[in-house]
Every structure is written in C-alpha cells, then in structure tokens.
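Same chain, two partners: subunit A is paired with subunit B first, then with subunit C.
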Partner chain A sequence: MTASTNAPVPRTRNLTTAAIFERYGLVIFLCILLVVAALISPPFLQPANLVNVLTIAAPLGMVVVGQTFVILVRGLDLSVASLMATVAVLATAFKATGNDAIPMIFVAAIVFSAIVGLISGWLVTKRNVSPFLATLAMMIILQGVRFAYTGGAPISTLPPGMSFLASGRILGIPVNLITLAILATALGIVLHRSRFGRQIFMVGSNPKAALLNGVPRDRVVILCYVICSICAGIGGLFLLGYVGTVSNWVGQGYELDSIVAAVMGGVALSGGRGNVFAALLGVAVLVVINNLVLLLGFPIEMQLIIKGIIIIGAAAFYRTRLF
Partner chain B sequence: MSSSVIELSQIVKEYPGVRPLDRVDFAVRPGEIHALLGENGAGKSTLIRVMGGAVAPNSGSITYLGKSVSWRSPKEARTAGIHVIYQELALFPELSVAENILVDAQPTRFGLISGRARHALAAAALKQLGVTIPTHAKVDELPLADQQMVEIAKALVGQTKLLILDEPTAVITGREVDLLFENMRRLRSEGVGIVYVSHRLEEIAEIADRVTILKDGQVVATSPVAALTREAMITKMVGRRLEQVYPARLQAPAQTADVLTVRNLEAGPRVRDVSFSVKAGEIVGLAGMVGSGRTEVAEAIFGTREVKQGSIALEGKPFSKIDPGAAIRFGLGFLTENRKDEGLFLGLPISANIVAPDLGSVTRRGLIDRATERETAMRQMKEFAVAAPSSEVKVGNLSGGNQQKVLFSRWSRIANRLLILDEPTRGVDIGAKVEIYRIIRRLADSGIGVLLISSELQEVVGMSDRVYVMSQGQIVGEIQGEAISEEAIMDLAVRSMDRSRLSVAGGAELVS
Partner chain C sequence: MTALIMDLRRNRLLASYVIVGTLFLILVIAGGLLSDRFLTWRNFSNLFQQLIVLGMVSLGQTFVVLMGGIDLAVGALVGALTVFLASFLEWRPDMLWLAIPLSAIIATAIGALNGLMIVVLRVHALIVTLGMGSIIFGATLMYRREPGGSVPNAFADFAYANVGNIPISAIVLVAIFALAGLWLQRTRSGRDIYFAGGDPEAARLNGVHVNKVIILAYAISGLCAAGAAIFLTARTGVGDPRIGAALTLQSITPVVVGGTILAGGRGGVLGTFLGVLLVTTLNNLLNFVNVSSYYQWVIQGLIIIIAVAFNTSGKRR
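Presenting the complex of A and B:
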C-alpha cells in the first residue's frame, strides 16, 4: 500500500516514464527479448524459425485465452492440459481414416469440453469447492478416463487432414494462427465489450458487490469455466495436429504454462483485472524464451530455471500496481 | 495514585482524520468494577485496546501496578496480568475447550504439552465459573453462549490483575449472566480490577462500582455509579446538541402510500419479528445497537438473506421470492454498510461502478455502449459532485467521501421507489457528510422512500421523519417527528435490552 490510495490521482495526458513502462512494460520486454534473440542467435529471425515458434505458440495461446476468463473470476483451471490430451484421445475414438470425420471430431471435442467445464464450474459455484481442488480433481479424473481407454499405449489412427491444423496455410498464413486470431478476437470482444464481459469483471473485482448489483454470479462463473474448457479442447485438437500421435501426455505442462503466460500478461490471480491480448503477449514472451534457450544450445533444464525467474519477476512487477 | 491497578493519563490515539481517543484519563482501582459507557464510536473499544496492548497510543502515559509501561504487544500485557475479553471471541474453533482455555499457559511435562494436566486445569477453571462444559469438545461445536463462557474461563487461569470485558453479555442470558456476575464479584473480592463495557444500563447499576462515560473520544464523566441516575447517564452519553448540519425534515407526517411494508419478518437468528413501513417521500430511520439486526432486515428486503417467516410488500404488492436483480428492477437500491467489501468495484473505473446495477441501460445488442456509459456516468458525477478528473478513474483511487458519492450516483439512478442506506456516512469526513445529508433529503423530496440505517444517533435524529428502534431482532418502538431525540431512542434501545433478560421483550411502544 502506498499513501496515494485514498487521494484522487490526477490523470495527465503526457504519460510519465513510469506510466509508460507500466502500461507497455510487456511489449517493451518482448521487443528487448526479440532484439537480444536476433543478436545472439542469428537463426532466430529466420522465417522458418519464426513460423516454428508461432506454431508451437498457437495451441498454448488458445488455452491462455480461456484460462484468462477463469482467472478473471478469481479461479484457475488446472485441468486444461489433461483435457487437451483427453480430447486428443477422443479424436482417435472415431477410428476415422478419412477427412470427412474432422467436423464430427470438432463437435465431439467441443461438446465434451463444455461438459467438463460445466462440471468444474458447478463444483466451484454450487458446491463451493476451491477452483484449485475442483480442477485438480477434474484433471485426475480425465487422466483416468483416458488411460482406461488407451490402456497406456499411444495411438495414431487419425484422419490425415488433422496435420493441416498444424502445418496448413491459408493465403500463406498458418491456419492455427488464423484460428487463434479469430478465437482471441471473438472472445476479446465478449470480454472487453459485451455485457457478459462486464459482469465477469464485476464478479472478479468484487463477488459480493456483483451479487448485490443483480449479477447472476454463479452463472457467470460457470460460463467462464465452460469457455476455458472449450478453448482447451480446441487447443488440444490443434496440438494433436502438430504432434501427430496421441500419447497420453499431449499438452503436458500447458496448465501451468497457460497460468504463467496469463500472469505475465498482467492478468491478476486475485481476479477482476486483465486483458486477453496482453495475456497473448505473455504467451509470446514465454515461447520466445523457450526457443532462445534451445537456439543457444542450453540444456532444456535452463528453460525451467529461466521460466521460474521470469515468473518471479512478473509477480514482483505487477505487485507494485495497486489496482 | 499508586493505589490503581492501571492508570491512563492524557491518552491520545489518532488515525488520519479521526481521533478516537482525545486526552483520556482513566483509572481502575484494585477490587473495583469500573463500567465504561458510550455510544458506538465513542472510543470504548480503542481504549480497551490501548490497555490490552493491541493499540499503541500516540501520546499519554500508562501506569500499571505502579510502574510506567508501554506495551509492545498484547502478549506483553497478557503476561503482565491484563486479560481482555473482546467482543469478537478470540477462540480457536478447531481446538478443544481445554486447549482454548489454556492457550496462554499450556502445562508442560518434560518439554511436551501434557494433555491430562490440561484437561484437569481447564475443568477446574470451568468449575470455578460454575458451568459444565466438556473439556474435550471442539469449540465450534458449542453454542455461542458456551463459547463465551470458555472465553471467560480463559481469564480465570493465571495471574489476572486487570480483567477487561467488552460487552460480554451480548450473547449470554439469564443464568449465565448471573454466573458471570458472581464470578466478577468473587474476582473483585480477590482484589482484581475489572473494566466492564455494556450497553445495558441496568446491569451497570447492578454490578459496577464506578462508571466512566466516553463521548467522541473524550471522558465526559467519571463518578460512582450510585451518584448517577440512568437518565443522567444517557444524557451524558448522548452529549452535545445537534449542529446545523441536517436539512429540514418533513413539516407533517407523510400521507403518501407505503412503498415498503414489512410484516412479522423473521430471517436468520438476528431478525426475529420485525414489522414496519416506509412511505414515499419520507426518510425512516432504523436505529439500534450494532448487532441488533438492522443490516439483516435490509438484506432480507433486498433478497440476499433468506426470509423464514413474514411478508415483504413493495407498493402493496407482496414479494414471495426476491433477489437483488428483481429488487433493482422494481426500483429498489441498497447502499451497503461496507463500501469496500460489498459496495464498490475498486479496480474498475467510476463509470463501470455507476452503471453496475443497470447494465441493460447502456447495452446495445449485447455490447456495452461506452459513449452512453461515460455520458451517464459524467451526468451522475456532476449531480453528486464526485471530485474526479474523469469517469474512467478507478474508484480505488478516490477518497472515502468521493467513493460514497459514487455509490449514491449508482443507486439514485435506479432507485426510483425505495433506497435503503446502511451507514451512509461511515468513514467520511464532516464536509462530505453534510453533502450526503442534502443528497438524501433531496432524494426523499423527489418522492423516493428512504430507509436509513445508522449507528450514529445524531444522524438518525437529524435526518429521520420517523424512527424505528430495533433491539435484539425486534422493533421495540417507533418515534415520530418532534419527539425524535437521542434520549428517546437510547431509552427504547436500552430498556428493551434490560427487559429481554427477564424475557419480557416484545410489543412496540408508541412514544409519539
């Protein structure tokens, strides 16, 4: 807390250096990171590498968009990675070898994900289970369902068209990036412009006050979990396209990566503050760092250490912001 | 001088903007029960905290057992023999009765806590108190009254020289009160100094030797109890006359129709049988001690508290199932007591806070129309003189008075029938208060019914056209027009409390 909490803060047109840094800190950080990457590792800026980086980033980006919704209402979803893998397994359940099954796979994935989100949301709101526990349990249950079906062995009976999700292009732009852009824009409008989005911010900022202002609090929270799960389900299909083979661990680590990216993008874990597009910048920072570590030939363990340090840095940075 | 257990001299405690203790002198002799009286906010709790080491005074001195002291922590005061029983119980609900009683004095054996010794000691303390409570039971399994007795038993363990009780009888009745008094008398005969805070004046006459009355952080009287009549105590508690801060009230009782009619309302443990009404255009005060159930009544009307019995009618139309959304659509606003916890979205801009209960009015085809929203907000901000450079400033950055005005901007926009105000001027300075009073009167003049809940008696008296006094979940009286005075309200509030101990509380009394 600082002394300025209760004093009116005059808003000036010409931003101070600190204000610029606060508002665009992440963009600045990403730019610095890109320049550093280009300087110390020339291959980084080669188109092939950049496309590779973004392709890896797309499914995580989809998950982060969803994760942002849940974090905004003071929750978090640990089941997203497990859901991604389960959706991938579900995609193989059709045993389809032709591309005409792809729409069916998408519908099934979305419906299945929505049900998972509905259950998590119901547990959190109606049964008062903490988001951590509810989604952790969901993660474990999904894992069990998946293992029971596959018996632990990887499967690869997939329609050949699935790889289009990873490597396909429309007008030269990777299809997964197009999908991410559409998803993020649509949900960004919902979040930042719609009445429902406003209710999300109200619930996140002050759940009690939201209720007293006539917001159907539980319904809003449940919908956030549903949206998050659907994003994860779609992300799972795109990741499957990239990986090509369904192992039981598709998307492993995405639950934490998605939370880390959102937090780096300024989405407050305490709820009520955040922005979908900033969260996506968080994704960019995360994957650039990962890529840089690889390009520099550092051992993979370095990724983890650097990631950890960056989380601490982000947490310290956003702490200084009051609201 | 040195005959006192504790002696406070010229104690001042200041927070930004408020001075809960202003040069207070207070002393407790060994073997006396010293009552501490005052309205809510008079400074009793702060004084207790200073004695118990929970609050450090800004200036002044404390002499304890002849030595000058300045407590660095409650533990230090506790070790020295000062035991404070706060209004909010300081028990560990998950631990056993015995563990709670001996929380400061765990008996050890070879460095380990001895369970057997603990239960024996705890049982002894409870026996001394005269109650039988199983020492193995977990505290949260006990009824509230038993929990209070456990809290009191804690004071009997160890070398207590000064015992401070902050409204211990708020949750216990009859036999337990008698037991408590018996034990207080016993401790007094053993030379313990006792400070006793209560709103129940009859109790004070029964048990206390001396009384000190606080008003706005200052001591207005210290005298033997026998030297003060009950009426004199009330007058001294109420103190100074009203200043010209309140707008004129209605000339004649309102003749309009009821906007709100509540009949035999029962909702939760704190609302037992409440009937009252609010007419269009009048300001109705709901007075009573903290915890008398006033806020809970408001919550029931607004639909956030379940109604067990009785009826709530808005403009004569009974509402069977009401929720905040339905209440808002009817034109009912509820400005809650705690603006940070239940009122404002601190991290959101002023505009979002103002349109919050009625997003529909700024929504076009599912999307928020930012231009309309800003316009609406700016209009309300201008009307209620919210001092902020733009409607997009986050509410968390505003002063308390301005935050409160944002809430008025919000609710006055949608409340065109009835506005419930729960402590509308809490934590705002006097300037903002006067502005808020004018706003409230203006809203009433525009034909809205206003239900004003307040712990500040002056405010209730100054603002209300009619006052209902609530005590222990019931309306105990109604006062109208010129008959409204702090004395009359206190009289009703306190009288009913004294009587309810003999379980005769009940029927409303018409004073006017």
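Presenting the complex of A and C:
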C-alpha cells in the first residue's frame, strides 16, 4: 500500500456528489464568501486589497501549519500565542539596531521555540500529560517569564530589517507570503511525501498499531510539537515585524484562531486526518469572514459571534462524513 | 464524613488529597511565619472572597471533566451574567428576587445547550464550548463594551456579610461543595456521572442515559457559573464582560491539581476544593511576600505540570 492509504481524503475515481462536496466544500464556501464580499464592496476583490488581507493573515498561516502537525497526532497546542509573544520579546532582548543581528535573532528564536516544543512533547509522551494541560502550563509559564522580563512594558528596539520581513515585497509579492508559501510547501512535502509524514498519520490514526509496526511513536509526537513550536516562533517574528513594537500580548488569540482554522480545513481533532493546505484554506476563510463583517458595517464584536458559529458548524460538517 | 472516606477509597485519590492537603498546611504555616497579618480573620475573610468565585466555577468544571468533557465557555458566561445582573438591577433595583433566579435559569439553559450540541452534533466538547464562549463574549460586548450597571446596596452588603467572624461566602461555598459531593457519591444520578465519564459505552449498555448525563453535567457547570457571577456582581457592583476571561483556564487548574483526570471518570469535588484552597492561598501568600504576579503565573504553570506529570497513578494511554 502507498502513503495515500493514510491520506485524509477519500480515493479519487468514482466520486459521489457528497464526496465532492466534502472535499471541495471549503473552496466552494470561500468562493461564495469572495463573491458576497465583492458584491458588497467592489474594491474588495482588487489584487491590492486581497494581498493586504493575506499579508495580515500570513503569521497566522505559519502557526496553523504547525498546529496541523500537532493535531494530526491527536494533540493540541495552546501555547503557540504565548510562544509568539515570548519570541518577540526575545528578539528585542538583543537590543540590536543593525540588520546584521537578524540571522542571530532567527537562530535564537528557532532554538528557543524548539526547546519549548521539546518540553511540551516530552510531557505529552513520556509523562502522559494530556496535550491540553501540558501546553496550557507552557502557555502560562512562558507568559510569566515574559512579563517578569519586560516588567509588563512594551519594547521597540528592533533592527529595521524586521519590518521589511513583515511588509516588504520582493517582485511585488509580500515577503511574509513568500515565507509562508515556502514553509507550507516544505512541511507539506514532509507530511504527505516522506516516511516521517506517513508515521505521523499512522500515529494519529492508531497510536498502538503504529507502535506495534515499529514506528517510534514518542519521537514522532515530540517532533510534531517541536515543528509546531518552531512554526509559531517564526510566525511570532513575522508578526512582530508587522506590529513594530513588542507588547506582551503579541499574537493573543492565535492559539484559538489556529485551531479554528485547522478544524475548518478538515483537520480532525481525533488525529490522523488532515492536510496542511486545506488548513491554510481555513485561514483564508477565517480572514475573509473577519473582513466581511467589517465590510457589512457590523460592529467588530460580531466577528466573535460568527467565528463561534462557524467553528461549531465546521466541526459538525466534517463530523457527519464519518458515517 | 463517611461519604468522604468512601470517596477516597473508591477513587484511590487519597494520595492526591493528602499531597494537596499537606502542601496547603505547609503554605498556611509558612504564611503564619512570614507575615503576622496572614493568619488573621481579616485575611481569612479576604481569602474566601477571592476563593468563592474560582471555587464555584471550578466546581462546575469538575462535573464536566468527570464526564470526560471540558467547558471553555464558563469565563465568557460569567462575564455575560455579571453584565445581565448589573444591567437588570440598574433598571429595576427592587427586583433582586427576580434577577437572581433569572440569571441562574439563563446560565443553566446555556450550559444545557452546550451539552445538547455536543450530544446532537457529536462535536468535541472543546470545539462546542470554545465556539459558544466566543458567541457569548461577542454578544455581551455588543451590548456593553465597558464595565457598567449598578446594584442595590443590600445586594452589595451580602458579599461582605459575616456570621460571627465567618464570612457568608465561606459558609455558602463549603455548603455547596458538601452538597455536590453528597450528590455525586450518594445518588444514582451522581454516580452515573462517574460511570458515563469512565466508560460511556459500558454505561450505555448498563442502561445509563449517557446523553442525558452529558447535558446535565454542562447544565450544572452553567449553574455554577451563575453562582460565581452572582457573587462577583454583588462584590464589584458592576457588570464587566471581560471579568471572567481568565477564569476559563484558571478553573481547570484546581480540578486537575485535585486529582480529577481530564480523561474522565475519576476524581471528585473534595479534590477540587483542596485544589482551589491551594491555588488561592498560594497566590494570597505570594502577594503577602511581594512576589510579582508574573511569577505567580510561572508557579501556576509548574503546579499543573507537577500535579499531572508526576502523579504516577495517572491513566496510561
């Protein structure tokens, strides 16, 4: 059997209408949203505006790619937002004013994130802590450490190049979108084409069977948490560049938004089923909806209500296809 | 007392209880040594005023967690109910007798709706309550963005009232926990919660209406949130949509520290009570010795990890 046995979507060939709807439902939904948005406000569909919308969504996209890995192995990472802010604070700790510090900042951020991911993964696998509690504890600890370091005050000592990462363009394409595309493609290939990726799906669909088949279950799960944390760390740096100053709450809400987007993209919380690119589509839907609420002239709080309805609705929609 | 002992035996939670209880005693002794204001009636009454809100929400959370679920809507619900109470009482200060049962009914109904959606849509509790929390929070903010409203003096006095030296909040909290414990241990419907949480399929085969139990557990969680909101509104005198935000995750800490496992079916309200005592006393003590609230977060995170990761009796997967 090939890797596609574990793939989330049903096999091609005789696709029924229902199957097509399940597979492309999100794309159809996104198209409908875009048409509605364009009807309400014609400038919405202009490339410039769309690129803007996507640029804002790029850091969230990076987090969602990582979150997908963790959810695939029956996990959940609540610490991503706290990690983003902590990495942002870490970046300012260099007090660097020159661009030559940027590589160092990235290395430090990635190493730090990897350690956080290692700890979460270790707690989940070796100590049998539920992912919810392990990452919740990490979230609170990181928050405490961060506030203790900054004393609660925002900081803004950043190399000027950081804002280029967030809002700069190469050949007219925003740098952070390029980064997101590279990150998603690389990790997508790892997930859907490599042995490690197959092991992730095996562990996610049936941890015991995976172990019996010689898959190093714990190592796979730990690596997923490390990947998720690194994605969140990188996302934090890009968000930092966008915001410009480090408040202690950079990225607040991203932990839940990343889960919402992944669930909308059909990543099953029960593990073993999902796809990085569909999860990114979930991000697009989320962002377009948030935009639409504003375009329609509703108060911004309406976003919360709609987000709530959508996450329950999306989960219910994907739940039905199990039967 | 016998109920408590049975509780300990059946759930093999004695170790957790003894550890948490001992830690609590150590804290109290340390507090007494570190500050002469710590072991005073004044601080005791102050402590219970902090404790009752977290205690009520954690109590509700305990039922849900015993069922193998989780309620992430409680924080938003508490905020919404304080807004409801303060707004209603500002409009009709004389209708306190109506406002309180009304808020309890609304909260119970919202809790039951959470349970109903979990049962009918067959969606993970995390997603349903997360979505519900977002909906409630958004709706509350659309009604009132900033804290506001007012409460009659009689209601405010209730929050600070004492019987002799003992604050009413302490009596109420202990009584409610005792009732909840008795119900869980001594009645059939209470036992069904353990049964359905431990092994839903076996419970179903044995004639337990698992779906009804799930809805009941979430309804109780809603009712407990109403209890917290009533006390909070009486104490602060305003309705604040954001006041419960931190409570959602905070309410889970005492539950797991008290030995109730997230997988469901094991634990109890006594553990939660000890957990609430421990967490609140620790924060209270850290305030006394001037440790910044930032480190209190770090300590809270470490407590969760230590309680869960090094609780060797934890269920292996």
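One rule holds in what follows: the second predicted complex is superposed on the first by the 306 of 323 C-alpha atoms of A that agree within 3 Å, B and C clash if a C-alpha of one lies under 4 Å from a C-alpha of the other, contacts with A are read in each partner's own complex, and residues count from 1 in each chain.
Quick note on the criterion: a residue touches a chain if its C-beta (ideal position, glycine included) is under 8 Å from a C-beta of that chain, and two chains touch if they have at least 3 such contacts.
Computed from a predicted structure; not experimentally measured.
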Practice prompt. Please name the chain, subunit B or subunit C, that touches the greater number of residues in subunit A.
Written response: C
Practice prompt. Give one of first, second, both or neither to describe whether A:Arg198 is in contact with subunit B, with subunit C, with both, or with none.
Written response: first
Response to the item:
So the subunit A residues that subunit B and subunit C both touch are none
Item to complete: Within their complex, state which residues of subunit B touch subunit A.
Response: 302, 304, 323-325, 327-329, 334, 336, 341-348, 352, 356-357, 359-360, 363, 366-368, 387-390, 392-394, 396-400, 402
Worksheet, complete the sentence: subunit A partner, complex, touching residues on subunit C are 70, 117, 121-124, 126-128, 130-139, 141-142, 145, 249, 252, 256, 262-263, 292, 294-302, 304-305, 308-310, 314-317
Worksheet item: Where on subunit A does subunit C make contact in their complex?
Response: 76, 123, 127-130, 132-134, 136-141, 143-145, 147-148, 152, 207, 256, 259-260, 263, 269-270, 299, 301-312, 315-316, 319
Worksheet item: Which residues of subunit A touch subunit B in their complex?
Response: 4-11, 189, 193-199, 201-202, 205-206, 208-214, 216, 272-273, 322-323
